[in-house]
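Alright, structures below, take your time with them.
Next, two complexes with chain A in common: one pairs it with chain B, the other with chain C.
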Partner chain A sequence: MGSVNPFFLGCTLSLVLSLSAFGLIMIFTWRRPKLSLAISLTVSTICLIIAWLTFIKLSALKEPLILSVDWMMSDQIRVPFGFLLDPTSLLMFVIVATISWLIQLYSIGYMAGDSGFGRYYAFLSLFALSMLGLVISSGLLQLYICWELVGLSSYLLIGFWYEKFSASEAGKKAFVVTRFGDIGFFMGLAFLVLNFGTLDIHSINSAAMSKAFPAWLLTPAALLIFCGIMGKSAQFPIHVWLPDAMEGPTPVSALLHSATMVAAGMYLLTRLFPFFSCSPTAMTVILTICTITLLLSSTIGMVATDIKQVWAYSTISQLGFMGMGLAAAGLTGGYLFAGFYHLTTHAGFKALLFLCAGVFIHHFHTNDFFVMSAKGGRRLLIPMVTVTIGALALAGIFPFSGFFSKEAILAELWNLPNKMWLGLGLLGAFLTAYYTFRVIFVLLFPRPQAVGGGHGVEEEHGHGHGQEEEHGVPWVMAVPLIILAGFTCVLGFLQAPIQKFLLGEVHHHAPNYVLLVSAVGCALGGIGMAWLDWGAKGAKWEGFIRKVPVVENFFIQKWYMDHFWRWFLNTVIYGLFSRTFTYNDRRVVDGGVDAVAFGTIGSGRLLSFIQTAFLQLNLLFMVLVLGGIGIYLLMGR
Partner chain B sequence: MTIAIPTFNLSSIGPWLTLTVAAILILLLDALSPKGRKAYFPQLSLIALAVAALQTWWLWGQSGTDFARMVFLDNFAFYFYLIVILGTTLTVLISRHYLEEWGKNLGEYYALLLFATVGMMLMAASNHLIMLFLGLEIMSIAIYVLAGLFREDARSNEAALKYLVLGAFSSAFLLFGMAFLYGATGGNLFIGELAGKIKEALPLTKPLTLLGLALLLVGFGFKVASVPFHMWTPDVYEGAPTSITAFMSVGVKAAAFAAFARIMFAAFPAFVLEWHMLLWVLAVATMTIGNVVAIAQTNIKRMLAYSSIAHAGYLLVALVAANQLGAVSIIYYLLAYTLMNVGAFGVVILVGRKKDSYLNIYDYAGLGFQHPVLAAAMSVFMFALAGIPPTAGFVGKFYIFSAAVQAGYIWLAIIGVMNSLVSVFYYLRITVLMYMRPAEADLGPIAFTPGLVAALIITCAGTILVGVFPGWFYDLAVASVKIFPAL
Partner chain C sequence: MESARMLVFNQLETYLYLALMLFAIGLYGVLARRNLIAVLISVELILNAASINFMAFNRFLAPTPAVGQVITLFIMAVAAAEAAIALSIIVAVYRKLRSVNIEQATELRG
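Take a look at the complex of A and B:
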């Protein structure tokens, strides 16, 4: 191996530091907010510097850098632990480090004065540790461990205000629902390691590229692993945890939705892209599920009134969009670029949107953007400008980053023989633009009288107004907004360099004007529709969907998915499985175990009774046994 | 008549010499230094042990014999040197405060520990049955004295007396067995040559050899505390000073298994079927009785005594497997066992206090709330002893049982795993008591002395490190079992 590469030292350092920040704060300094903040922020800054340095130094990387140690258990199975640095992981490493640094900075303002301030920063460090470990891991088992750690830390952060019942419930829901997917993921890993013999990501991918996988192994393994992705990235039908996860502090939502928890799923899909793309069956399933998710969440986003809920559904829909891009690329023999590029840009603008929402929520102490608007939300200049930038990017308007990455994904969909997928993608783009600008227009053009219970709001309004004149937006919260808005404006123009970095070469396509026009048309159409419904002077302030109350109700009830799961849990899980299993557990297993246990304890007592303190007996016994052994040996044969 | 003095190289027994010299030095200093100024013996012992470890490291990789073929120089022996040195070092670390509490921080304690260590090394390295017997006696006699160190304490006296009488008896068996082999092979007791000689004389002396084998089995069975020769273990482990109990449970076991494995692997290929069958039965009985009886114990030292019997059973499984992985797993497991068991006894000493007043397992109730770090360490040891990942105990058991499966003893592996399951009950009971039961009374202060803290940190970190990164230790063990070509 020779001397250890300094980059790996950097990786190790960032992981170890994050872990020790978590440990230090949890054990020693959690009662002292300032000190905890200092520790966590220092570590985060170091990670940020390491990430960028590694990224810049390795930007001309030809071969992936691998440092892996086999966790030795057997000859037939290879379970490596270590680091795999290739363009994909490097880019993600930078994204994660940057976003988590910004969020830590922002949280200084947002969480100021919270009684759990130290604990909050400890959890953020744990989150950074698990996500960084996930991104650069060289083996799937290590990835899985970090994957679960990510789940754990989001559980801790979603339920951060655990004294609030709904928050602790939401934390539990996030943890348990993702578990459904993770079971599949784990079975996929077991299946893979038993039949293929290694969990090394690089060798899996290169084996897949040289077509070394038989189909019977490939498709089930890919589908099982995709189960985990569905859970983490909140894809239909196990997306139900993500909207509830809004119970956590808003910066946490920003972190969760941009660079960590949900991004982990899509990152895994990207990571194993060559592997997945060998199985057309799996890719078709992924495409279908992602498309359903896109439409489902966009339509629910149209009717939500909680600003964080809207952004949450937009995250789900954008993740679906990324999945569609990757799946389409896999089916047509394309590259992972489009989907991953959208992941990159999305990380920027979604963090931005959430952090802006956080400023509003911090200011007005409400999540309902109608109320915010009534209280004068548009007077907060910086967040209002930046949220508009984020929304433009989300809607896919030139020249913001979302435009470019959406365009790339739509180009992949265009390549599919069946143009239905493209149509659905465009529909998704239209809906996205519509619900995004619904929020923006409501915030920009307040109509206090339209909000129910206007009187009370007015009173609070006056009070809030006085305060906001005093302190405005603290700089620690404003700076991350401005930085992220900057990213959102710039990232789009970096498409070619990023593509070169990821793929090693730039693939120039002749611009497809039909696609371009239709995509921009859809986005502008969505905005226009929103303008007609919410922005224009004579707008009725109700969505066009109100014309069909049945459908609107269907959307408001979130496609009855929560109801479905409740029913499923009650009837199938509790009613059928639990009842049978409980009976079996009580009668057969418990009874059996009790019998064995009592028998064992009883025989333990009995045997210890035989144990006497008489030397003579002991000696006699030894001699007798010796006699027995002698007889056996001499007469035995 | 001329007596040819064989050439020999003193450096090949360097570790023994160092420890012996240190032990004699301690005895002399003890006699010469005035009362009340005897605090530096532990440090002196630790330095000697460190030097011995270093010398072993220098010897690593050598092969062959020395001292007229009496002493083996091979990695198998050296690995055991290291295990034994580790065990003694940890024992020295946990001893000091405990002995001071009893007013027994004496020079001879450390001298005897070092002598016993030399005996153990001799057992691991001897190429001649008489040498082996000498090593065994050097070790045993030192330990008889150490077990009776607290002579005002009736239980300590009982322990020493019992161990002495039964130990003498088992030594006699062993010696008797060697005598039979001496007769059967026509006067040759070199372990390396026994196999050939036995085979040569097989038609004539088969009964004699078999009787010798039976007697050896009984003798070693006693030393490793295997059922049905385990009767002394609970009483002696309970009565002896706790630090000595820790030392016996790891050091004596390691040395006895080193010699046992070497003789069985090297000398009796002609009777593989017989001794496999016998040890199969012994292993099952040892595991089962050790674990089952441990459940009924309420004294923690007694519980750990039965647990130590059970662990001897697991090691016998590896011996029965008698393949390369089996030999590797014996070495690996003894290393892991040294770490986790001395650690557990260290906690027992800390919690015991005031001349072992708190040895009942219910004294551990509520420890998790009053002394969280100590309880966490104890939990690590209990998890390791129960064989739960990611500790060293898990990997060790994994190697042992896979060796058994590899050798075709699937039922033995199954019984072993079932036993391991039973053992979880009494190990985890301690953890449950510590964390889920409130303390009946305030536990009071626990004196954390530097030595004990150091021992706990080493054992705790070692238990986890050896479990998480087994590769390096595994490779070393593989390198050291290469000397058994038959495996």
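Take a look at the complex of A and C:
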């Protein structure tokens, strides 16, 4: 090889270290929490340093750096393995490394004393390995392998408390449902490799940019690959696994929701953005599905009472929002910046929101934010402040990061000829602000009559940090919150540098005041609505949706999607396929084997009369036959 | 007279007839005797007939590579093993049936 590029060396090192951390902990040290923690955290820190160093050194990157080794070659087909370092992957690499490091730090406090502490860190290492590998992979097959590894590790982590039935069920559900989408993804890959001949991301994108794809190949391949994205990024109609995935430990949810599992889907969409945007049909389908997802999950988030459920549905809706941004950009010939920028900011504030929720859950041992509120959740100062920052970012309020990225996406939607999408996007923003601040106001203004233990409305206390310690927010849990809150405050102002980094140039738009006013108006309207319903002194503490019970019930039942899938499983999968295959197995396969066995037994019975127990008679026949054969061979011819 | 006798022993046919006689006697014994030990002895006779054939052909037709003699050695080894196994089978049969009569062994009748 001669001189190896130090960046590729760094990438390899981070992957190998993560894998060996997983192996070491699983094989040797899983019984020893301290040692496992040390191994995992060291490796994670090294990955973090490598990621930031690479990011800083390559920040003026002009051409993507590619290290590609042909793993499999056959006539027309090439399957490369390697690394592809371009602005998109570098930014994602840093995000993944940072978030997973923060979450490993946070988990020290959250998982302290858990019997599976070592195992937990092993799984986190595996998760980091698969996600980092996914981000920097140069070929789609390698990406697919890591994609499945991400699925596997999230299965392991969601079902981490496997002794709890609902947790193991949720893990299985996540695995099977995402696999359902991955079937499409894999078929898309096969379709692409058979008709296009390579799975190299860079060559696919450059071919797409030079319009080298025939349309008949492009649209089906794009739609099939999008099936995988739908599964991973929890888009309608296979979003059902994500709310259940809340069964895992909360830091895992934070990891899953911000930088890894669900982000993988949108990351792939960004990765293949030139490819996708060549097919307007596929982009329209994506836009539609993402819009449905946005509205569906925001409306469900309005009625959920479990804080993690609310954040889970907000994740689904924000993913839908990212998808809308990307699809709109693809349709209007825009850039991938808006959607990916929202992915970046979302990674920060969603991890923040989940980690805050984790503090509350850890402290009050409940997931219901009404109970948290009644027990005095607002007295946990650090998480309360940071959760408010996260919520402001999620709602899209200046100056937090969500404001800028939402604005960018809405600008993309504005460019679409049909303003309906913009309207739906604004409606989504309104609903998002509403359900987010429902949680915040409920936590901030507890009601004495709410679930027992409330002390009435008290003054806000200015607790010092020392008292927070007393309240049980250990610094390992508080530090990640503060760091993430810092990111949330800062990221918004880095829009221009990030854009320059991603696209190589800054595209200045004349500020669109109509859009700006309407977006901020929607967000503020949502917050105001939440204030009227939950915050103000005379508020009734029930959502405005309560006035239409049918619709509220529809939302509480999660649009009956779980019912639909249960019905689908029972009638189509179990009723049709399973039954047919079972019948086939019993009758045709088993029947065939049985027929052979019974035939052998029967013919044996039939022929057993030859065995007369007169040994010498048999011998006589044998001699006669042998003699006959001998005579025939000697003289017969 | 002397040379005529030497001539008899110095030609192939003599040995082939001898082998044939041994084989025929052995075959008769295997097929007709009811005593398992007699059957075993007859089998040995058949084997020896084969050995004699090998030796004779080796001696008169293809003397240079001593393959026939080697095969005879193999046959002797096989015969020894076969005798040991067959005798142990016979002992087992005797223990079970209290007889070495071949007509008593009918348990595997179909």
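Note that the second predicted complex is superposed on the first by the 564 of 637 C-alpha atoms of A that agree within 3 Å, B and C clash if a C-alpha of one lies under 4 Å from a C-alpha of the other, contacts with A are read in each partner's own complex, and residues count from 1 in each chain.
The working rule: a contact is a pair of C-beta atoms (placed from the backbone, for glycine too) under 8 Å apart; a residue touches a chain by one contact, two chains touch by 3 or more.
Just so it is clear, the structure is predicted and the values come from calculations on it, not from any experiment.
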Examine A:I601 and indicate which partner it touches, taking first as chain B and second as chain C; both and neither are also allowed. first
Chain A residues in contact: does chain B have more, or chain C? B
Chain B versus chain C as contact partner of A:L620, first or second or both or neither: second
Counting only touches as set out at the top, which of chain B and chain C does A:V588 meet: first, second, both, neither? neither
Given the touch rule stated above, what does A:V490 touch, chain B (first), chain C (second), both, or neither? neither
Touched partner set for A:L194, first chain B, second chain C, both or neither: neither
Looking at the overlay, does A:V16 come into contact with chain B only (first), chain C only (second), both, or neither? neither
For chain A, which residues belong to both interfaces, chain B and chain C? 607-608, 611, 613, 615, 619
Interfacial residue positions of chain A with respect to chain B in the complex: 69-74, 597, 600-601, 603-605, 607-608, 611, 613, 615, 618-619, 621-622, 625-626, 629-630, 632-634, 636
Complex contact set, residues of chain B against chain A: 158, 162, 165-166, 169-170, 173, 207, 210-211, 213-215, 217-218, 222, 228-229, 231-232, 234-235, 274, 278, 289, 292-297, 398, 402, 422, 425, 469-471, 474
Provide the residue numbers of chain C that touch chain A in the complex, in ascending order. 27, 30-32, 102-103, 105-110
Residue numbers on chain A that touch chain C, as the complex places them: 607-616, 619-620, 623
